[in-house]
Amino acid sequence: HPVSQSLQSARRSGALGESYLKVRNETLALARGLSDADATVQSMEDASPAKWHLAHTTWFFETFLLETQLAGYQSFDPSFCYLFNSYYEQVGARHPRPRRGMLTRPSLEEVWTYREHVDGAMLRLLETEPAEDILNLVELGLNHEQQHQELLLTDILHLFAQNPLRPAFHSPEPLAVDEEGPAALSWKSFDAAMAEIGHEGEGFAFDCEGPRHDAIIRPFKLASRPVLNCEWLEFMADGGYRTPTLWLSDGWAIANERGWNAPFYWEDRAGEWQVMTLRGMQPVDPAAPVCHVSYFEADAFARWTDRRLPTEVEWEHAASLHKLQGNFADSGRLRPKPPVAGQGDDELLSLFGDVWEWTQSPYTAYPRFKASAGAVGEYNGKFMNGQYVLRGGSCVTPGGHVRATYRNFFQPDKRWQFSGLRLADDL
Amino acid sequence: HPVSQSLQSARRSGALGESYLKVRNETLALARGLSDADATVQSMEDASPAKWHLAHTTWFFETFLLETQLAGYQSFDPSFCYLFNSYYEQVGARHPRPRRGMLTRPSLEEVWTYREHVDGAMLRLLETEPAEDILNLVELGLNHEQQHQELLLTDILHLFAQNPLRPAFHSPEPLAVDEEGPAALSWKSFDAAMAEIGHEGEGFAFDCEGPRHDAIIRPFKLASRPVLNCEWLEFMADGGYRTPTLWLSDGWAIANERGWNAPFYWEDRAGEWQVMTLRGMQPVDPAAPVCHVSYFEADAFARWTDRRLPTEVEWEHAASLHKLQGNFADSGRLRPKPPVAGQGDDELLSLFGDVWEWTQSPYTAYPRFKASAGAVGEYNGKFMNGQYVLRGGSCVTPGGHVRATYRNFFQPDKRWQFSGLRLADDL
Amino acid sequence: HPVSQSLQSARRSGALGESYLKVRNETLALARGLSDADATVQSMEDASPAKWHLAHTTWFFETFLLETQLAGYQSFDPSFCYLFNSYYEQVGARHPRPRRGMLTRPSLEEVWTYREHVDGAMLRLLETEPAEDILNLVELGLNHEQQHQELLLTDILHLFAQNPLRPAFHSPEPLAVDEEGPAALSWKSFDAAMAEIGHEGEGFAFDCEGPRHDAIIRPFKLASRPVLNCEWLEFMADGGYRTPTLWLSDGWAIANERGWNAPFYWEDRAGEWQVMTLRGMQPVDPAAPVCHVSYFEADAFARWTDRRLPTEVEWEHAASLHKLQGNFADSGRLRPKPPVAGQGDDELLSLFGDVWEWTQSPYTAYPRFKASAGAVGEYNGKFMNGQYVLRGGSCVTPGGHVRATYRNFFQPDKRWQFSGLRLADDL
Amino acid sequence: HPVSQSLQSARRSGALGESYLKVRNETLALARGLSDADATVQSMEDASPAKWHLAHTTWFFETFLLETQLAGYQSFDPSFCYLFNSYYEQVGARHPRPRRGMLTRPSLEEVWTYREHVDGAMLRLLETEPAEDILNLVELGLNHEQQHQELLLTDILHLFAQNPLRPAFHSPEPLAVDEEGPAALSWKSFDAAMAEIGHEGEGFAFDCEGPRHDAIIRPFKLASRPVLNCEWLEFMADGGYRTPTLWLSDGWAIANERGWNAPFYWEDRAGEWQVMTLRGMQPVDPAAPVCHVSYFEADAFARWTDRRLPTEVEWEHAASLHKLQGNFADSGRLRPKPPVAGQGDDELLSLFGDVWEWTQSPYTAYPRFKASAGAVGEYNGKFMNGQYVLRGGSCVTPGGHVRATYRNFFQPDKRWQFSGLRLADDL
C-alpha cells in the first residue's frame, strides 16, 4: 500500500507495520551502494550527509514515538538526540546544520545498527495497537522518511558533482533516447470558477496542505507539458541569461554574482552540453524537461515567452482530477523522462513526477492554518517565509508520496532540487 | 491639491504645475537643514545619501520627461545619468548602489542648482500642455519624489543614529506626553464577503495597486489601534526575544545573529529605554505605537498574543471606507503619536499615518498585473520577491501620498523604516 | 626649522613653538580646499576621512599634553576623546575605525575651531617652558601630525578615485613631460662590512628607529634609481601578472582574487594607460617611478628581473651618507618625478622622496627595543606583525619629515600608499 | 637509519630503499585505524583529509620521480595529478584546497592500492641505482612524507575535535601523571658571539635551512624548559586574555573576534579545564608544556612575564650542540610530556620534541637563498610571507625528522599545530 493512502482504524496498526517495513527497506535499498565516506561528507550547507538522513529519520521515530510511547524502551545512544535533531527547538539543543559533515563517527555501519534497533522497537510498538494519534505520528514519520529519501538522492547528486571524477550513483550507461523528438506544446484551458483547494478528510497529508478552503479561479490555461531542454537552449541562445529586463531584480543580482549561464549541473564540454546526473555525466536530452533551475530562472524564462508561471491554486485545480502517476523514483530512471503526447490534445503530460514545478505562489499559511501543538508543530509552519511552492513531485520522489494537494517549497535561488517549470497564462 | 487626486485633463497641466512646485518645495524644506556632509554619507547599503535622493528624483524628471519631451532641453550634466540612475536597466549603466556615499562631488550646492535647472525646464514643459501620457509621467514623478522624501527622512535617522553624538534632525525638545495613558484595545469585526480590492479609475496610483479584483473575505476582526510600546515592553519582559518557538525559523536565526533584544534604535540607558528619533534621543513613550520593528518581530509578537497579522486584503477591506487622515510628515511631529480613543468602540485608530503596518502578505503581483512598457515598467514589478506588504503610511510619509490601496513593501528583516503592526484574528 | 632637527634645550620651547605653528599651518594649507563632504567620507577601512585626520592629530596634543600639563585647560568637547582616539587602549574606548566615515558631525567647520582652540592652548603651554619630556612629546606630536598630513593626501586620492568623475585635488593641468627619456639604470656596489644602523643621539626619531645596533653587510649592489613605469609596462607585457611562478603564494592568491593587472589607479582608456592622481586622471609617464604597487607586486617584479629587493639594513647603509633631499610634498608636484641622471654614475637618484621603496624586511623590533611606558608606547610597537618596511619617503611626505633611519611599514597587499621599489642584488 | 642521516653515495640507493620502506610503513601504521569517512572529511581549510595526505605524498614520488625517471612507468590513474597536486604551479592545474574534503572517491581502499603501486615502482627505480640528483629527490620525498605524517595527526585531532563525541584517535586511557610537580624554571646564558647558523654539508636539509651564514649573537638567556600549563593558567587568571596592552594589535583583534580565552582545544567542563587530545578528552596536565597556542598568544604571554620570545638565530645557536632527542611521535605518547629536570642547572629540557617553539623571527629567506630550479623550487620559497619560524619539533613529529637547523613556519593566528613556547631575554 502507498503510505499516504487511507487506512481504516481497526486494521491500521497492522497495515502501518507493513508500510513501516516497506518504507524503511526502500531507504536501505537506496543507500546500500554508498561508502562510509560518501555517506558522511556534507557538500554544502543546504545539503546533508546521507548518513545524517539515515540517522535523523530514525531519530524522528525514536524521539516522537519510542521515548514516550514504548514502555521500557532503551535509547540506542543518548548522544544521538543532539547529533540528529534537525531543527526542533522544543526537543532541545542540536549539532549545527553546517557542521553535519564533521561527524565521521558514528560510522555508517553503526547508523545501520541504529536503524535496526529502532525498527525492532517500532514494530513492537505497533503490535501494542496504539491510539489513533500515535498511529498518526507513525504515518507522519514514514512520510518524513520518504521526504528524506528524496533529499538523500538530491544531496548525493550534489556531492558527486563536486568531485572532478563525476562518479555515478547509479549504473552510468546512457539511457535510450526517444526517437520521436520533443513533444509538441498545447494548452489546456480552465474556466472561471470558485474552486476548493487543500487537503481534507481521509488519507495522510502534511499540516500545511490544509485547511481546505475556497479559492477564486480566473480563466487561465496551462501548458500540456513542462518546459523542455530544447526550449531552454533557445532561451540561452537568445541571451536569456544576459538580459536583465527578463529577470526579477534579486534574481538578476544572484545570477550575475554566481555566474549562471545554464541550468545547474550543465557543463559545456567541447561545445556539447552535458549534465551531471545520478547516472554520471550524460548528454543533455533535448526532449526531456529542463531540471535544476531556480525560481528566478523559471520566472525569467516565463517572461521571455510572454507567459507566466501558474499559481499553486491553478496548479492544484488542474491536478485535482488528474491521475496520480508519473516518473517517480521507483522507476529507477532517476532522471526526468521526455513526455510523450497521448491521444487527447488537452492532456497534461508529466504533471506528476519528473520535475517539481515552480509556481508563482509564495509559501504561506492557508486561511485558518494552525500549527500542531508540541514539537511536531515545528514541522512546516516556521518555514513559511521567503520560499515558493513547487508542485507535483519529481523523478527522485518516492512513488505514492505526493498528491494533488502536496506543497513542496524552496527559496527562489535554489537549484540543487529536481525543479523545473510548466507555463501558464491568462485567458 | 494633494498630488494623488484626480485632475481633469483640460486644466490638468496647470494643476500639475502647481503640484510640481509644491512637492519640489517640500523636498527643499525638508532637506534645508542638512550640511554638505550630512547629505553625502551613506550609512548602509539599504540607505542612500540625502544628496542622492535630491538628485535622483530630479534625474527622474530629466530622464523620463525632459530628455525626450522638451525640445532643445540641455541636460545639466551628462555624467549625472550614470550617477543618479537607481536601477533602471533600460536607461543604462549606473553607479553601484553600495557606493553612493563615495560621491563627495557634485556638492550639495551643485545638486540644488541641478534641481533649479530641471524645475525651470519642467515648468516650461508643462506650459506646452503636453499629452495625457506625459502628464501621467509627471504625476508619477511627483509621487516618486514623495516616496524619496520619506526615504530621505528614514535614511537620515539611520545616519544620525550611527553617530555617537546622536544628533537631532529636528528641534530636540521633548514632545508633550499625553496624560491619559495608553488607549485601550478593542476589536472591529468584519463579516464574510466577496470584496474588491486594488486601484481602479480616477486618481493616481502606482501600477502594483491594480488591477482591481475580487477577493474572498473570511470573517475576521482587526485591532482598534496599532500595538503600543507598553505592550512591546511586556513582550520583552516575557522573553519574547529569547523564545524560539514564537519565531519564524529565518527570523530566529537573524534575531540571534544580529543580537536583537528590542526594537531598532532602542537603547537601554541606565535601566531606562530610550530611542533614537529625528528629534534625537528621547524616552520611549509607552502609549505610542511601537516603531522600527521587522516583520519577523511583528510576526513573533502576534504569535505571542495568539493572534496574527492581517492580510493585505483584510487591511484594505477595513480601510477602504475609512477617512484618509492621520499623523503624517506634514504634522512636523516626525514620531508616531499615541492613538486617542474617540467616541465609537469600533473605530480604527491610527490606521493611516504613524507607522506602516506589516501585513502577512508577501508582495506579489495582483491577478493580470502587467508592468508598463518601457523603463518605468521597472518601477515596481521586478521587486516582487521576498518582501512583505505594509499598509497605511507613517509619520514620515508626506500628507496626501498614501491611500487605502497603497502597497509599501520591504524584506522581513528590515527595521529602519517606520514600521509597526496592528493585530488581527479569525472569527 | 625642520621639525626633526636637533634643538638645544635652552631655546627649545621657543623653537618648538615656531615649529608647532609651521606644521599646523601646513596642515591647514593642505586641507583648505576640501569641502565638508570631501573631508567626511571614508572610502575604505584602511583610509580615514580628512576631517578625522585633522581632529585626531589635534586630539593627540590635547590628550597627551594639554589634559595633564596645562593647568586649567578646558577640553574643547569631552566626546572628542571617544571620537578621535585612533588606537590607544590605555586612553580608553573609541569609535570603531571602520565607522569613521559616519561622523557628519562635528562639521569640518567645528573641527577647524577645535584646532584653533588647541593651538592656542599649546602655545600657552610652550610659553611655560616645560620640561624636556614634555617637549619631547610636543615634538612627537608634530611628527605625528606630519605623518597624518601624508595620510590625508593618500586617503583623499583614494576617495576621489572612487568617484566616477575622478575629481582633481590639485590643479589638473598636465605636468611638463621631460624630453630626455627615462634615466638609464646603473648599479652602485657596496662591500662587505660591519655597519651600524638605527637612530641614536640628537634629533627626533620614532622609537622603532632604535636602538642603533651593528649589522652585517654582505657585498651587494643597489640600483641607481627606482623602477620606472616604462619598465613596469614591460613586466606587464611579458605576462608578469599572469605568471604564478613569479609571485609569492599569498600574493598570487590576492592578485587573482582582486583582479590585479596593473598598478593601482591605472586605467586602460581606449588603449592608453592613464592613472588617477592628485591632479586627476593623467597619462602614465614612462620615465617616472612606478607608484602604488604592493609588496607582492614589487617582489614579483624583482623576481622577473632575477634581482631582489634590498633589505632595510642595505637600504639604510646606502642612504646613511646620502644627501637628504628629493621630491617631497613641499614641491607641490604631488606626483613622482622622473629621476634625472647627474654627473656621477654611482649616484643614487630619487633615494628620498618620490616613492616609498619596499624592502624585503618584515617590520620587526630592533635588538633590545622596548616600547615607551604609557599610552605613547602603543605608537609603533604593537604593529610589528605582518608588515614590511618601506624607506625614503614619497612625493606626499612633508619635507624634513624623513631621514635615513626612518621606517615606514605596511601590509604587503596595500597599494594606496605612494609605494614603489628599487632593485638590489648580491655581489 | 633515520632519514636525515648522511648516506654515502655508493650504498645510498640501497640505504634509501630501506628508508623508503620504513617511512612509508610508518605512514601505514599511523593511518591504519582510520575509517574511510575519518580519512575523507576536511575539517577546515587549513587542514587536509588523511586520505589526501596519503595520496599526495604518493603523488609526489610519482610526479617528481616515476613519471620521468622510471622507463615504462604506468601512472596509476591520470586524474590523480589533478586531485593530489598541492600547490605546484609548474605541474599544472589542481583541485582547490578548500574542496579537498569533497573527494569521497577514490576510496581509502583505492588510495592504499595507489600507494602499493607507487611503492613497487619506487623500489624498482632505486634498484637502477640512479644518479645523485635523483636520490636527492627520493630523500626529499621521504622527508616530505614525514612532514605529512605530522600533518595527518594534527589534522585528525582537529577533525575529531569537531565531533561532539570527541572520539579518541589513540587508546584513551589517561596517561600516568608525574608525581613530582612542574619542573622549576632556570635560565641558560649565552655570551655575545659571531655565530654561524643554517645547514651546510652532509645530511638532508630543506632548501630554506641554508645557506649557512654568520649571525650576530647578542648576550641573551634562554629558559630551561618550555612554558607549562600551570604557568598558562596563571596568565589566564591574571586576565591575560582580557588585557589589550599585552597583545600585538592584530592579535588582540583576532583574539576578540574568535573569542579566545584559553589555548585551543581547552574546554571548561564544570570548572575543570580539559583538553581534546589524540587520546580524547583529558584533564589539562599542569606540569606539561602548554600546547596549541598561537604566536599571538605566545607573544602576549612573554610580554606578561616581561620577557620575550627568542629569535631563531638564538634558538639555533643554543640548540646546535644539544643532543637531538626528545618526545617525538615514535614514543606513541602523542601528547607533550612534563619536562623532568636533570642534574645540571643549565640544561635545556624538552628543546626537541613535545611542542614546536614559536620564535619571534618572521620566516624569511636566508642571505643568498635561491629556490631550486623546477617545480620543487616551489617547495618552500613562495611561502616566505606573513609567517613565523617555529623550532624543535613536537610530540607528533616523526623521530629523526628534525634537527637544530630545521625551520617550521606558520601564520601567527594558527593554533591547531602542536605549538608552544620557550622564553628568552636580553642579558
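A, B, C and D are the chain letters, set down in written order, and residue numbers restart from 1 in every chain.
One rule holds for everything that comes next: contacts are C-beta pairs under 8 Å (C-beta built on N, C-alpha and C of every residue); 3 or more make two chains touch, one makes a residue touch a chain.
Only a predicted model underlies this, so the values are computations on that prediction, with no experimental measurement involved.
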item: Given chain A and chain B, the chains that contact each of them; value: none
item: From chain A, the most remote chain by mean C-alpha position; value: C
item: Centroid spacing, where centroids are CA-atom means, of chain A and chain D in whole angstrom; value: 47
item: Chain C and chain D: spacing of chain centres that average the CA atoms, whole Å; value: 39
item: Distance between chain centroids, defined by C-alpha means - chain A, chain C (Å); value: 60
item: Shared interface positions of chain B, touching two or more other chains; value: none
item: Contact graph of the chains (line, ring, star, complete, other); value: ring
item: Interchain contacts, given as pairs of chains that touch; value: A-B, A-D, B-C, C-D
item: Contact footprint of chain A on chain B as seen in their complex; value: 87, 89-90, 214-216, 218, 244-245, 247-252, 360-362, 364-365, 367-368, 378, 382-386, 412, 426
item: Residue ranges of chain B touching chain C (in the complex, touch as defined); value: 35-41, 43, 51, 79, 82-83, 95, 99, 101-108, 159-160, 162-165, 167
